[in-house]
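Shared between the two complexes below is subunit A, which pairs with subunit B and subunit C, respectively.
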Partner chain A sequence: MIRYLLNRLLWMVPLLVGISLISFFIMHLAPGDITATEASFDPKASEESRQKLRELYNLDKPVIVQYGLWLKRMATLDFGTSFASHQRPVFWQTTDEQGNVRKGMIQQALPVTLLINVLSLVLIIAVALPLGVISALTRNRAPDRAITFFVFIGFAIPGFWLALMLMYWTGVANNWLPISGLHSIGYENMGAIAQIFDTLKHLVLPVFISGLSGLAGISLFVRNGMLDVLHQDYITTARAKGLSENTVVYGHALRNALLPLITIFGLSIPGLIGGSVIAESIFAIPGMGKLFYDAVLMRDFPVIMGILTIGAALTLIGNLLADLAYAWADPRVRRGVMQ
Partner chain B sequence: MSFTRLLCLTLLTLLAGCGEPQQDPNVDYDQVYPAVDGGNMINAMTGEPSGLIPMIAGESAASAIASNIFNSLLKYDKNLELEGELAESWTISPDHRTITFKLKPDMKWADGQPLTSADVLFTWKLVTDENTRTPYGSDYKLVIKAETPDTRTFRVSYQEPYAPALDTWAGLQILPKHLLEGQDINTTAFARNPVGSHYYKLEQWRNGERISLIRNPLATQGEARIERLVSRFIPDAASQFLELMADNIDTMNLNPIQYARIFPSRPDLTQKIGLYKELGNSYTYLGFNLKRKPFDDIRIRQAINYAINKQELIDGVLLGLGEPVSSPYKPGTRWTNPELQPYPYDAQKAIALLKEAGYADHDGDGILDKDGKPLTFEMLTNQNKQREMSAVLIQRRLKEIGIDARIRVLEWASFIGRFIKTGEFDAVVLGWSLSLDPDQYSIWHSSQQAPGQFNFIGYNNPQVDRLLEQGRLELDIEKRTKIYHEFARLLLEDSPIVYLYAGYGLPAIHKRIKGIDDPAPPAGIGHNSHEWYIPQPLRRLEISAQ
Partner chain C sequence: MRRALSNPMAFGGFLIIAVIMMLALAAPLIAPFDPEAIDVKSILLPPSSTHWMGTDGLGRDVFSRMLFGARVSLMVGIVAVGIATLIGIVLGSISGYYRGWVDVFIMRLVDVMLSIPTFFLILAVIAFLTPSIWNIMIVIGLTSWMGVTRLVRAEFLSLRNREFVMASETLGARDGRLIFRHLLPNSLTPIIVSSVLGVASAVLVESGLSFLGLGVQAPQSSWGNILTDGKEYIEFAWWLSLFPGLAILITVLGYNLLGEGLRDALDPRSSN
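After this line comes the complex of A and B, so read on.
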């Protein structure tokens, strides 16, 4: 077991280097760099100053040299600073001699995104599981049809459109929820309870919108998993033993039907730190999606690489955790791992 | 943002007229109230500043907020003429090489420290320092000597007379020496916690959410009326508009569809929100690669200019909310030559010019040709809806006179990197800003054609070169005006670019805000924002309770 774990962890290092190498080259395939943004197309700005900036950031060197420099820094877990004019640390805060703290960009964007994604994951599980089970148990009857119908609508509806409609309905036509942002203007003067309530009110729509498509997918997954399992021999056996329908469905069928979900949740770990650009732009939430999108548009290479590397590492860890969880949940798999 | 999204929103707002208005409909926003201090004004911005030191940050979001915090020596008044801001007066030496600024007396920074000529000198040193990562240093490096004979006098000398100098001193925001000395300006914490001397000072910056500014009681230009300015960062234009409808923000910049289509159909909105028009800061043009055939021939360029109907573009692309220009300056200001008129739409004249240049449809395919080569070219533009729509309208008009123009839309970085810098293009649809100082040396002088420089269309007219050089040396404003009027006339005649239009800025401002100059003067609606006020009965309840 330990050997298996060590083996897997060691393999992650070359994998990560490979992923980062490919990411780095793909990133440089896009034309332009930080000095070629639309804002820098200003007759008052001189070409010499742009050239100076290019030299400063080693953008005039061959890509492979730039990659080497990046890898050297990464070896000490230094994500570097942004190419943007504020030059903030990419990942975590730094403190200068005067004691001024400069917050990291990912450090500031991550908590919001994580909060929204965790909440929407909870929402997905809480709603999709029962929906899927009901759907499977009432297969081809009215409840199943209705659920499948709504799930498909939820899957197909463009998120930004629904978001705007809901914003209009709950924020403009009725004064139920705030439209965008994370905190109200008077947030600082509220009591602690009011602050939490205020934040939650702001999160209702973003969480719902970002959970919607996942909800559709997972509930169909649960439905199909359940249907597969319900046709297995051991379910027939369980029924033949005279077990109650509840024990058959929830004690035997559901537990087996949920096994594949482990993989899905394992794979959704990296997704937890990735925000949705569209949702974050519409709701004016300063999260990871917007951070990454802006960095790509600006060709802010350290930020792009920082987010990609963290994403890649989390994907690998998610895979490993999914495999371990699988082994824990399924004796057949466990035997394979232990050998 | 995306057009479909706008369309959805338009439909939505038209359909949803039945929605309950939540504001008390009895409030009469048009009533007259006396000017009072206090209140909060909330506006929406699409981007967040990277920092609040404008020379470092560079983007428009930063300068929009920093312009409330920092002063410059000079400023532009409402008619876009220079006047003193920190400077009480300025004098130019007889040889036109030295400018002496006399500062106003007893000025203070927001932290109570005195603001003196030492701060001005310090800022000049910063912007010209090799280690300062600013793209704007080159203008200030022309100063060969800067000195401070006393605490209220700042004197700069140039190698030779430099007429745009005064404009550059209106663009340099003065930073406090006592807080920045010895710090690395590129990474200083001051960028997120600035101390200035203007109407407002930073109250709070919530990362990614908003910046709030509060009135500075020590402001060098007297106190503003509104107590607090909050700028919320809302990247999506549709979301901004929803916030405006819900009365959560007071001001935003509208697009033509919102202005001309949505507002007129919503009396509940026009009742509480005022719409304004101001001159935009830029114009859109069709530029030719003058180093390529057939654009080296002035008749082809003029023919295309005659063939494009500018009013049609303004009506189609901007829904009428713009105006044609015939020189690269703001219409109605000193630098605009009033005698110049845009090329009128005249297809017959265009065809005659093309014929004169030797083009005719020999093979009968509907496209003109000469020596067996059809008259065809490619228009490049970046992903900008207005520019794309303009290109489509131009394409159709050119087709009518027998020119086959194709359109190619590119992402900005590849547009610049692969086509503009290498000169590998036929024509572009792009925009230039309508600058306040008339000097446009970097765009039109023949020496500015190297890769990365701004005369990428390859314009080369010795007469224009001479005028641009003279204009830089001439400090007498009347003579200078003449030079640039002549420059604009030659430029229009040469037709290296086709001026398409200058769109209006379309600010929407809630009617609770009073004291707005309407119609807006050339400097724009915000020129007197320090005099705006919010009468007590019209303020938002939840905030005035603080």
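After this line comes the complex of A and C, so read on.
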């Protein structure tokens, strides 16, 4: 297992180098000097931010030196400070001479996005697994048709539109759920349980929206996985042994159909993180997606580059965890690598 | 082709796409109003016999804007996927045919691209460029070629050792002939299926970007940016949100049905 882990970690090195190159390339996308794209009506402010960009990314130095310095920033996770007037550190908190701590922007936004994504995954597992199994067991009959119809709609429905509709229906027309932000007014004065309840109420819609397409995908995946597995010889054997249908379906078939799900979850991480932009900006949730969107609108380059890098790093970590979980669950994978 | 369309799913999808394409192409002929003409006397009118889908906050006719928006969706979807498919075919062919270090390099590049959240990547690139329909198409194309690349490579790897390819190679066929005569034509089915499904997701991405104000810019209309107005007026003007959302839903559904139907009809393995 340890050798497998080391092996996997080693594989991440070329990926990290690639990510650094791509982000460096994006930094130099704009024609000529990247500072030239800074569109501002105030020539003084614009000149100032140009100067800041030049300093931040050392744009007056040779390209190779710039890249080296960018690598150093990535390695030390130091993405500088935001261009916005508050000038907060992009990634993690800093302490100045007076001992004042300034929280990092990603530091504050990341837990929110992770919470939403973890809750979405829980929702996906809780709903998609039963749907997929029911669909497979009632193949081509009414329940399966209904679920497949739902899956196709789930794939095709634009999340931001559904978000708008639900916002209108549950928030504006009926006042059942709060429609923006993470906390109600007066959150500070609530008791601990009321606080948790309040936050959860704010998270219902965002979690549903960010989980929806995953939900459709995983249902379909579980259905097809189950159908494949149910045709295997060992299922026939299990039935022939006289095991009950429940033991066959849930003990033998489902367990094997679920294995590839681990990998699918790993692969779905970049989509979930990227998808947070839409859900979070519609519901004004202060997570990574909203932070990124605001940064794009403001052309706040240090924040953009920081989130891009951290997002990629999260994906790599997620894939690593998924691979390890797979290796833990399926000894064939471990052995295959060890030989 | 006949076999493909005898599949009811594929046929339904094909029908939806065909109707939308015709409406989009005929937009200048059938649109009752100029989609960009502002009319302050008819602001936020509900649907009626003159304005079938009502008017928006600037008095523009929503039905006409929807028709012209269909052109944007179709064009972005098709051009973006065209770019992605072309890159995918070239890189996948090189990777699967020549193997060796080129293959390793290209596959690592795919891994790198897949590890950066795509929507972040697209937004980051757009932050450095000016948002316009051309930039959107190019950016979506340049960030969605990884799937096709892997697919073409896998097809090539499995076809490479089949008898008819080896026979041709033994007879002295050159690389170009092997690739274009034998390998590519036999990989066409999965490429077409993945392109059709790719158009569906490109349409979703474009409308999302336009909705966020980072895609097609006003006054040019796109389903996404009509919805941005819809959000503004959601309490008073349901028609501004309902129609563009439905249009996106139906279009994406059409491409998905067509893609999945084609897969079922053309690939005997998947029909379980």
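Methods note: the second predicted complex is superposed on the first by the 276 of 339 C-alpha atoms of A that agree within 3 Å, B and C clash if a C-alpha of one lies under 4 Å from a C-alpha of the other, contacts with A are read in each partner's own complex, and residues count from 1 in each chain.
One rule holds for everything that comes next: a residue touches a chain if its C-beta (ideal position, glycine included) is under 8 Å from a C-beta of that chain, and two chains touch if they have at least 3 such contacts.
Quick caveat: nothing in here was measured; it's all calculated off a predicted structure.
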> Taking the superposition as given, does A:153 touch the first partner, subunit B, the second, subunit C, both, or neither?
Replying inline: second
> Which partner does A:165 contact after superposing on A: first (subunit B), second (subunit C), both, neither?
Replying inline: both
> Now for A:108: first (subunit B), second (subunit C), both, or neither, which partner does it touch?
Replying inline: first
> Touching A:228, do we find subunit B (first), subunit C (second), both, or neither?
Replying inline: second
>> Quick one: is A:299 in contact with subunit B, with subunit C, with both, or with neither? Answer first, second, both or neither.
In response: both
> Is A:281 in contact with subunit B, with subunit C, with both, or with neither (first, second, both, neither)?
Replying inline: both
> Is A:319 contacted by the first partner subunit B, the second partner subunit C, both or neither?
Replying inline: second
> Do subunit B and subunit C land on any of the same subunit A residues, and which?
Replying inline: 30, 37, 160-161, 164-165, 167-168, 172, 281-282, 299
> In the complex of these two chains, what residues of subunit A are touching subunit B?
Replying inline: 30-33, 36-53, 56, 84-87, 96, 98, 100, 102-103, 108-109, 160-161, 164-165, 167-168, 171-175, 178-186, 188-189, 281-286, 290, 299
> Can you list the subunit A residues touching subunit C in their complex?
Replying inline: 14-15, 18-19, 21-23, 26-27, 29-30, 34, 37, 152-153, 155-162, 164-165, 167-168, 172, 224, 227-228, 231, 267, 270-271, 273-275, 277-278, 281-282, 292-293, 295-297, 299, 301, 304-305, 307-308, 311-312, 315-316, 319
> For subunit C, which residues count as touching subunit A in their complex?
Replying inline: 108-109, 111-121, 123-130, 200, 204, 207-208, 211-214, 227, 230-231, 234-235, 238, 241, 244-245, 248-250, 252-253, 256-257, 272
> Which part of subunit B faces subunit A closely enough to touch in the complex?
Replying inline: 5, 8-9, 12-13, 16, 19-20, 22, 40, 42, 48, 50-51, 56-60, 133-139, 171, 186-187, 189, 191-192, 204, 206-210, 230, 232-236, 238-239, 242-243, 245-246, 248, 382, 412-414, 416-418, 432-433, 435, 440, 442-443, 450, 452-454, 542-543, 546
